[in-house]
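Lettered A, B, C, D and E in written order, each chain numbered from 1.
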């Protein structure tokens, strides 16, 4: 008797679990198959729509670097001069990145505070600010830059505005995630003494969240250096513009291209490592205290 | 002086505070007791205007507090200091800065953002910390202090506001008995020496009996008792806490029995 | 040796969609003639096409003379010129035309001292190479910023130059035209004509300020590695296009012309020398 | 005494805090001032072309129809936006243009009317102003206008230009042009040669069959999809190619980076030197950046989406390699010990001890990248020649049809937002629902 | 059966286990006690071959366990199951999958990579879970279970290995008293019903006394006591724990006193 009572639920558990496993295998298998299919067919489609095929291109992958090297290696003595010549362009690229990160971060701080539940000045407007950030984030920098080049003429300013705009949206979202984890007690404490919104934010929220903000902003700065170099390709000045011109000329100016490439590469790696180090420090201090 | 008329707060269908009505005509120390969820915090938060009331009125010195808006509302908050169970200090800032936050309402936003507090205020903050016995911690970060010390910083911040009323929401609930005693004594002293009204939510009977001039008991949002500590018998307490026969006062006690046997009320009821 | 598809690269000058659209007829004829799928590619700039030809991913393109020189200098074995566009008067040269806005008061290079001058793409013959050699001869000064012109920039392409001048972003620029027909129409063919046809500019707003010596028209090139019969078929196809389908010829030759005629590498030797001279 | 010491200490500490509170914004402002000068922002005001902005704004929501008379041949053409592809067949015109042999009457609405008269003359009745007549006298343009011209008129020997809210009229020796503005995106659905042009949706759905060869819906779809001015089919392909680049690049990179990340993680690397080597390779891949990879690869693979996808793949292998190996360095040793203690083989140890732990981190990172790579793919496309990025940048660079630019921008923004939602949705779903640790 | 000879583990200069020597000649339940850092975990990890020994030998059924390599080493591990203080389950996988990990050594790598376990194994896993009273949690994720339940899943995984020996490294240290009792009883039952050797590190004296047949005491890496629970007097314990006169057994106790007064040893010492 006891045996029957005992084993009935067990048989049930077994059947139940086996069904679960079957279902999971089926879904897992299907997902995997679907993903595999998408990868393979996507690859084949891209291959077909590309001018050169993947397999035929693979052996030639080093041709271009080899060309560059052949040209540049005969003119190595010119390299230091080029590095100096192109440094101002690099500086412009860095300035675009730094200024746009600064401006974007300031806008992001405002937007994110206005879009965080519990902190917002006008709680009813939270969804509006969120949407605004989504849209700002979705617009690629290149789009804004090109529109602004049309209106403002070429140069660093359109790039700076474009990157700052995108940065405000991207950082705004990350900042508001940080803000959501902020402790509201100090804010409430400040509210109880009759502090204004700005005071509550500056004294109650900023001290808590600034390490994370800075860490994200540094990461963004790194990304923005690349963005501002890329925008140079479409006429926004800086090192990207020089690189495009040297690269386009091709044979004969590959030494310039190589010099610019080295400058750009070293800069990116340098700021990548620097920001990694600083971020560790900022997050680190937060953990320590 | 302070008049509450049918003050009510609804959270959806839930009546957190149900037509609370009472009147203080001179500065006293008032204790509000009741079990968790009785509506004590909500009542205090409405008085400080941290939470908007759903209904009823709150008059102070003839002024309708609930209708204040913007700057006037913040001015009222600065006259009506609040102390929280979790202290609600800014943990990453130093003690003096936290105390100086009591003056935020009086100073311009710009000046405060740049730490431009007048040095008179700074000195006064230190004096207040001294009065509460924690002046030596002035330069430390608030988070580096023990709970009792943090609560005293919160009281210092409240005093810095130079308020007419101090609202304290379970000021000793997160403290150990030793610190609880220090904090309650500080509040009592402020009431007696400065003549400020102190309204404290307490969840223990004996603390209310020992330090307050008058006690209000809340249950399910309603005020079910209002009288002197002497009138607060075990039977009445049982009603407030909704407890059955097995209710024992010790269950809610956090008092430290004085080893010298000198425990007891510090003063006669008003 | 067989080919499985035929890939045609189209140089800049119009926006990508319009470029593809105007070459659709060529695509159809190619598929008919070769019996394999033909594909059109419109890279963003000259360099895209040059890299495609060098890497063997593009089989045919109409290059500028300078772009041909660039390809030749990178790899002499990559492509061979087969055909060249013939102008309405039978010549196969064209000019680099310097132009400015009429209301700017600039009427010749002399008025350009200290002003902003725009080249097109660095790989363009008329948009960079030839003017960068001939203009210094005319002004007696280099093209360095501040030497004669206040500033010299690359706008990125012919169409960008025209727009930039028309908008006043640069005071004058260079682009290509056959130099025949009426200025008001943007000449018979060339970038100006295309811009006029596209409704982009009104030639009355512009004035010509400088004209280069004749530049040999850029060749249609085929990849050398293609099978001979493919090369022959494609050469014959484009060669006979003018008689078979004048509309298509108009589309692919950027305006009115007499179609295409054969040409050989030797026609571009001087351009190759010029380009070598401009390299570091 | 103690108090005075405390006072002094507090005063000092506040003095320091004030200094910092002022120094940080001051440094930032100083830097911005430097940038302000370095970027010549004061000069920007002169360089800015607000009329361009106006054109742009107007173009976004309106289009113009050109009515042009060639003053030498007397031939009149009506073309939308003046484009070849938008030209009305000879002898046809919208109903506000009346072609009467040598006379053409163009009704601009609201009582404004332009009449082309024989011999390159025209008259323009302007509501609330009067009639302006103009003609070509010899080589010169003459118009009967008062001495001091209103500011909407520009008249020179070679050209007359009248800009009124109803439309714009210009006269040169060679041609007479009238522009009439209208709201909307011209010919967005059907070009002029389509039988469905100007047919209401209701009539399309329920009206009589317009083309005997095709049903209305099928024909309308075919004509819309093949619209020669808007190229909807090409645009759809371009969007798809862009997403394809992002998809292949991101997931390809994840697949390549996962095994490499083990070699670069402190706790899994068989050799310290190998770990160092892979770290540097990852740094290199990230440092070179997708842009330059694109240029390098376009020699080998030519223009097209595959090149873009490979460029993204190369850069992101670096990013993922770094992120994944950091995730691997943070794995919980306990789970691995647990699996090892049962006698599991090394591969099984990774499969059950490591993969389930890191999947959530990895998956969420990959999905974050998918969204941002959609944006990168747009930019890369503009350089390699593929996808919506190329269409967009080319349309912008040629600065012609801003309504097309607007169309592309809207599509790009929608595309990126859609990918953002998709990746967010997948992230929530997979990371919560993933129990097999796939 | 199991013979340890001078088993030693050095971490740098630190002797974690110092010439540990003992011998089991039949399946018993062995408790190892000692304070934190005494070397208990290291000893067990060496026995399972999770950690390599520095010196000495470990023989099981005449085979030299320490010299096993690759597949043979893993085969040994599968015969010698291990249970950890922190359970060491894969928290994101379901309970049955975790139990099935006990079969990893026997199944082909390829099949297991795709989670393809034979359904016989699945049934056996559910039976084992049932025996331990947690079959109803089978489809849940391990992380969704309480500590005591997770430890029983770990035991189920160990049983799934069908091991000769079960090593348990402080199996109840992270559990509350109630769960601790359930887990210890499960281990005892496995020993008694299946006749498997169980070696458990325990940090509390009374647990060792109550459940084990033999107790080994370690201090600073050395075995300082080896005897029956009855021989484990307070004086001996004081030596093992290196405690002074104020040492009280209760300080280490986690036992739940049985209200019926039936507390005490479950069985006579062997």
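As a working rule, contacts are C-beta pairs under 8 Å (C-beta built on N, C-alpha and C of every residue); 3 or more make two chains touch, one makes a residue touch a chain.
The structure displayed is predicted, hence computed values, not measured ones.
Name the chain pair with more contacting C-beta pairs, choosing from B-D and D-E.
Between D-E and B-D, contacts are more numerous in D-E.
Could you work out which chain's C-alpha centre is the most distant one from the centre of chain D?
The chain farthest from chain D, judged by C-alpha centres, is E.
Measuring from CA centroids, which chain ends up nearest the centre of the complete protein set?
That would be chain A.
What is the distance, in whole Å, between the centres of chain A and chain C, each centre taken as the mean of its C-alpha atoms?
Here chain A and chain C have centroids separated by 38 Å.
What is the distance, in whole Å, between the centres of chain A and chain D, each centre taken as the mean of its C-alpha atoms?
18
How many angstrom lie between the CA centroids of chain B and chain C, rounded to a whole number?
From the centre of chain B to the centre of chain C is 83 Å.
Quick one: report the Å distance separating chain A from chain B, using the average Cα coordinate of each chain.
The computed centroid separation for chain A versus chain B comes out at 48 Å.
For chain A, write out the residues touching at least two other chains, lowest number first.
28, 50-52, 57, 60, 63-64, 67, 153, 234, 247
If I count partner chains per residue in chain C, which residues reach a count of at least 2?
If we look for residues of chain C contacting two or more partner chains, we find 7, 9, 41, 51-52, 54-55, 57-58, 156, 169.
What are the residue numbers in chain B that touch two or more other chains?
Touching at least two other chains: 113.
Quick one: which chain pairs are touching?
Touching chain pairs, listed by label, are A-B, A-C, A-D, A-E, B-D, C-D, D-E.
Which chain B residues qualify as touching chain A in the complex?
Counting only chain B, the residues touching chain A are 48, 50, 73-78, 81-82, 84, 86-93, 101-102, 104-105, 109, 112-113, 141, 143, 154, 157, 161.
Which residues of chain A touch chain D in their complex?
It comes out as residues 24, 28, 31-32, 35, 38-39, 42-43, 45-47, 49-54, 57-58, 60-61, 63-65, 67, 92, 95, 98-99, 102-103, 134-135, 137-143, 146-147, 150-153, 155-157, 160, 226, 229-230, 233-234, 240, 247, 261, 264-265, 268-269, 272-273.
Which of the residues in chain C end up touching chain A in this complex?
Counting only chain C, the residues touching chain A are 7, 9, 39, 41, 45-47, 50-52, 54-58, 70, 73-74, 121-123, 153-156, 169, 275-276, 278-280.
Per the contact definition, I'd like the list of chain E residues that touch chain A in the complex.
96, 115-116, 119, 122-123, 126-127, 130, 135-136, 138-139
Inside the complex, what are the residues of chain D that reach chain B?
For this pair, the touching residues of chain D are 2-3, 6-7, 9-11, 13-14, 17-18, 21-22.
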